[in-house]
Amino acid sequence: MKSKNNPGNYFEDFVLGQELRHATPRTITSGDVALYTALYGPRFAVQASAEFARNIGFHDAPIDDLLVFHMVFGKTVPDVSLNAVANLGYAGGVFGVPVYAGDTVSTVSRVIGLKENSNGKTGVVYVNSVGRNQHGEMVVDYNRWVMVNKHNPDAPAPETFVPDLPSVVDPASFKIPVGLDLSGYDCTLAGSAHFWDDYAIGEKIDHVDGMTLEEAEHQMATRLYQNTAKVHFDQVSANQGRFGKRLIYGGHVMSLARALAFNGLGNAFRILAINAGSHANPAFAGNTVFAWSEVIDKFDIPGRNDVGAMRVRLVAVRDRAAADFPLRDDAGKYDSAVLLDFDHTVLIPKRP
Amino acid sequence: MKSKNNPGNYFEDFVLGQELRHATPRTITSGDVALYTALYGPRFAVQASAEFARNIGFHDAPIDDLLVFHMVFGKTVPDVSLNAVANLGYAGGVFGVPVYAGDTVSTVSRVIGLKENSNGKTGVVYVNSVGRNQHGEMVVDYNRWVMVNKHNPDAPAPETFVPDLPSVVDPASFKIPVGLDLSGYDCTLAGSAHFWDDYAIGEKIDHVDGMTLEEAEHQMATRLYQNTAKVHFDQVSANQGRFGKRLIYGGHVMSLARALAFNGLGNAFRILAINAGSHANPAFAGNTVFAWSEVIDKFDIPGRNDVGAMRVRLVAVRDRAAADFPLRDDAGKYDSAVLLDFDHTVLIPKRP
Amino acid sequence: MKSKNNPGNYFEDFVLGQELRHATPRTITSGDVALYTALYGPRFAVQASAEFARNIGFHDAPIDDLLVFHMVFGKTVPDVSLNAVANLGYAGGVFGVPVYAGDTVSTVSRVIGLKENSNGKTGVVYVNSVGRNQHGEMVVDYNRWVMVNKHNPDAPAPETFVPDLPSVVDPASFKIPVGLDLSGYDCTLAGSAHFWDDYAIGEKIDHVDGMTLEEAEHQMATRLYQNTAKVHFDQVSANQGRFGKRLIYGGHVMSLARALAFNGLGNAFRILAINAGSHANPAFAGNTVFAWSEVIDKFDIPGRNDVGAMRVRLVAVRDRAAADFPLRDDAGKYDSAVLLDFDHTVLIPKRP
């Protein structure tokens, strides 16, 4: 009898155009929000206060964008990356309608690209994943590509198709929450006096604070997202591996860096887009994470003068302060302290 | 003045037929559910998604059965097992009406058996514990027996009475949730293609994944259940003890094994009964838990062809994979890697 | 361009009478309550059960008083104590209307005293902080004083003003929850047979149980409160510091001691006042916390014979049992095992 556990998909199991309806639709609750707050310490008033959120046109405090992202991402793991060697990149990520406590998010992915590696042992799978709420409205839509093992090295290579993914999300794709009205925005309660107008392209910001990672924390986070990747949980396997340690889910570092970024970007309360992202080095328990940001670009939002968008590179580093903005060496290789290079676009109020 | 802290009951304090109304009725919330998800990573769609649950006849996503069990069990500890030496067994456990977020569960136990040990220092106390919701409806009803210290070795032994407990719960006792209708059951969203029909008696399933236990995690779990047993929390006492370490609540391993069992038993979304359970060896932080299951028996549910029941032995092992299904040595003694041998009955859809 | 991160206020930045509207209003949810339960294990039935709470006149289970306190305290940190050397004391703390899940708490502080130290490098800042719910009703109002660094040692000293703070909160200031009616109070479900009448002034109570502190736990707690003090989170900085370890937020020990105090003070379900508090020694992960209490005084509540108040000294100690009630040495110095000396006033039912 065939074993009933899930072996995951290997590279040869993916077919271009294939649709993957992922298991475990997830009702997101205020309990998930409390855990997210406890795990990362975000301080954006919009997500923390139902009153504040209603004052600017939300129905309730919206769920943190990256919590939504992780919930959706986690659901793709058993079908997409259970046999992955590496998570290679993200592109074209857009956040849709706000998610509120009580909403249920379901995820569907489509295989949009395949490329076997020349070693014949692995290949790159490109997927577009879309999370939708119980009304069918898109909450997040993004592309990622992963290197996945072949189970049978003799399986024939599929026709190579590498999708044309944008290097930056077009401002025309941004979804501004319906009803958003920043006339009631209170920047004292929000905790920052700095508006869109105050940031310069090229400006770098040290987010100052450091947070030390613990095994119990990243495991709880990753299970909260129902992300089943073995490398985060199993020390017995880790003992046989390259690092001898459990690897921390890259999204855990992403959320921690985003929470640290409040200290300098306190009004950037909404992520509009994920342009690109690299997990430059693996993170482990015991690492202390610092972060810095660079403003890469600024955009007007058509038809609005109360908010603007900023493209921001958010960099997480470990075990050293970020005041000198470490990124790459002269050869273009990531500094060994860099954990994450996250290129995203945020919504931020304009000065009234 | 007599000290006002609770000394707990000693063996000589229990009386056959005695009723114990336990303290701290507990409103179970979506916050408890989020923590449960973060601690174990369960992926059953019924408990994770209000939409999915409503589609098969629940009012909302029901609370995980073992979370209900732990909440009830925890309340019995200050009265039943504060002076316990060992938790010896479980029998005749039945889950009743579903519990939903917002329900308040209260627990009452009755002493159903007493047997002093020949050493005159300890005795075995048998209790039947029943958790009820705010409407008085039974949510879980189970028996357990514990070895409890005597405070005064000279206290006279009570008359021995050993209750007649079933070795397996009679299918006639199963409580199928009212309104359950599996015609809308979506096995893709549930994450498993395997129905009741697909499992064979005697079949063994390796649940593959391993999870490493952390002190912060088991402490948070055990406090969430308001289980006050000292051995789980106090390293100063542990330093004087046999193991030198804090002992992990046996129910923590039970929930972790159940969550791991999703990988192979993904449609077994409801526990109907607890037939028996042994905590074969103590678990400690740093242990990595793996699990396997064996289908012991299969039952039809009278009057229904959409669901069936399966009696399953769920075994948790530590620090080694479970692919070879370790259980006992030739002498019948539990393998030293075995943490839990949990004999329970699950509800699972039949193939439509 | 001036850096956009928050440098915090230095001693010379504070002005007597200055009002500080703190950032991040916070909607407190049942998720926060679940985390609080998991972190400390409180067992007071009023906070744990909506049914029990309604039976004595609350609308719902009220949020634990210290959870409210920490939420308010946390919000003051970025403005008041980011550059603090030490948290020196508390006085005149009063809890107001009950907070329920779904309420949003905002915090405003006023500078009520300033005193530069003779070394010219630091000064003491006294603030009165008030948390209010979304209706503007006071939920907690307390004073604290902290020693804060000067940024510029040459900044002129402000005029010294030391406020006149009470050593104990006047019973006339107590806020008894409107509608409270203890005729339905069930002391079996509450878990304690001891009423106001049963405690004697001078009585000491050993709370018996010990709990070992973990890094992941105190970090999650402190982030839940959105308390940003760096010393709790950053091991890289800690490595350069006096202790080489992350310091645990004093309020974490306060909540743990309060939860332990259930074992002996199980009916003292509400904190009316914080009279004073000292964090006698720093706490670190790995410490095991024990607690004891002393009844300092007892008060009638005017116009009521169902409840009374007791002033209680709650002492947390580490790495040793509290059965001999350690506090100070002969010279009046705190015993090195003492972590917290917390002088507060609790509400407790009178014997019917």
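The first chain written gets the first letter, and so on, giving A, B and C; residue counts start at 1 in each chain.
Quick note on the criterion: contacts are C-beta pairs under 8 Å (C-beta built on N, C-alpha and C of every residue); 3 or more make two chains touch, one makes a residue touch a chain.
These numbers were taken from a predicted model, which means no experiment stands behind them.
**Student:** Please categorise the chain-chain contact pattern as a line, ring, star, complete graph or other.
**Tutor:** complete
**Student:** Over half shared numbers or under half: where do the identical copies chain B and chain C land at their interface, same or different?
**Tutor:** different
**Student:** Whole-Å distance, chain B centre to chain C centre, using C-alpha means?
**Tutor:** So the centroids are 36 Å from each other.
**Student:** Got the chain C residues that touch at least 2 other chains?
**Tutor:** Only 29-32, 34-35, 101, 214-217 qualify.
**Student:** Enumerate the contact residues on chain B facing chain C in the complex.
**Tutor:** Checking each residue of chain B against chain C gives 1, 3-6, 21, 23-27, 29-32, 34-35, 78, 101-102, 104, 106, 134, 214-217, 219-224, 226, 228, 230, 233-237, 246.
**Student:** Could you please specify the touching residues of chain B with respect to chain A in the complex?
**Tutor:** So the residues of chain B in touch with chain A come to 29-35, 37-41, 43-45, 48-52, 61, 101, 188-192, 194, 198-200, 203, 205-212, 214-217, 263-266, 286, 288, 290, 319-321.
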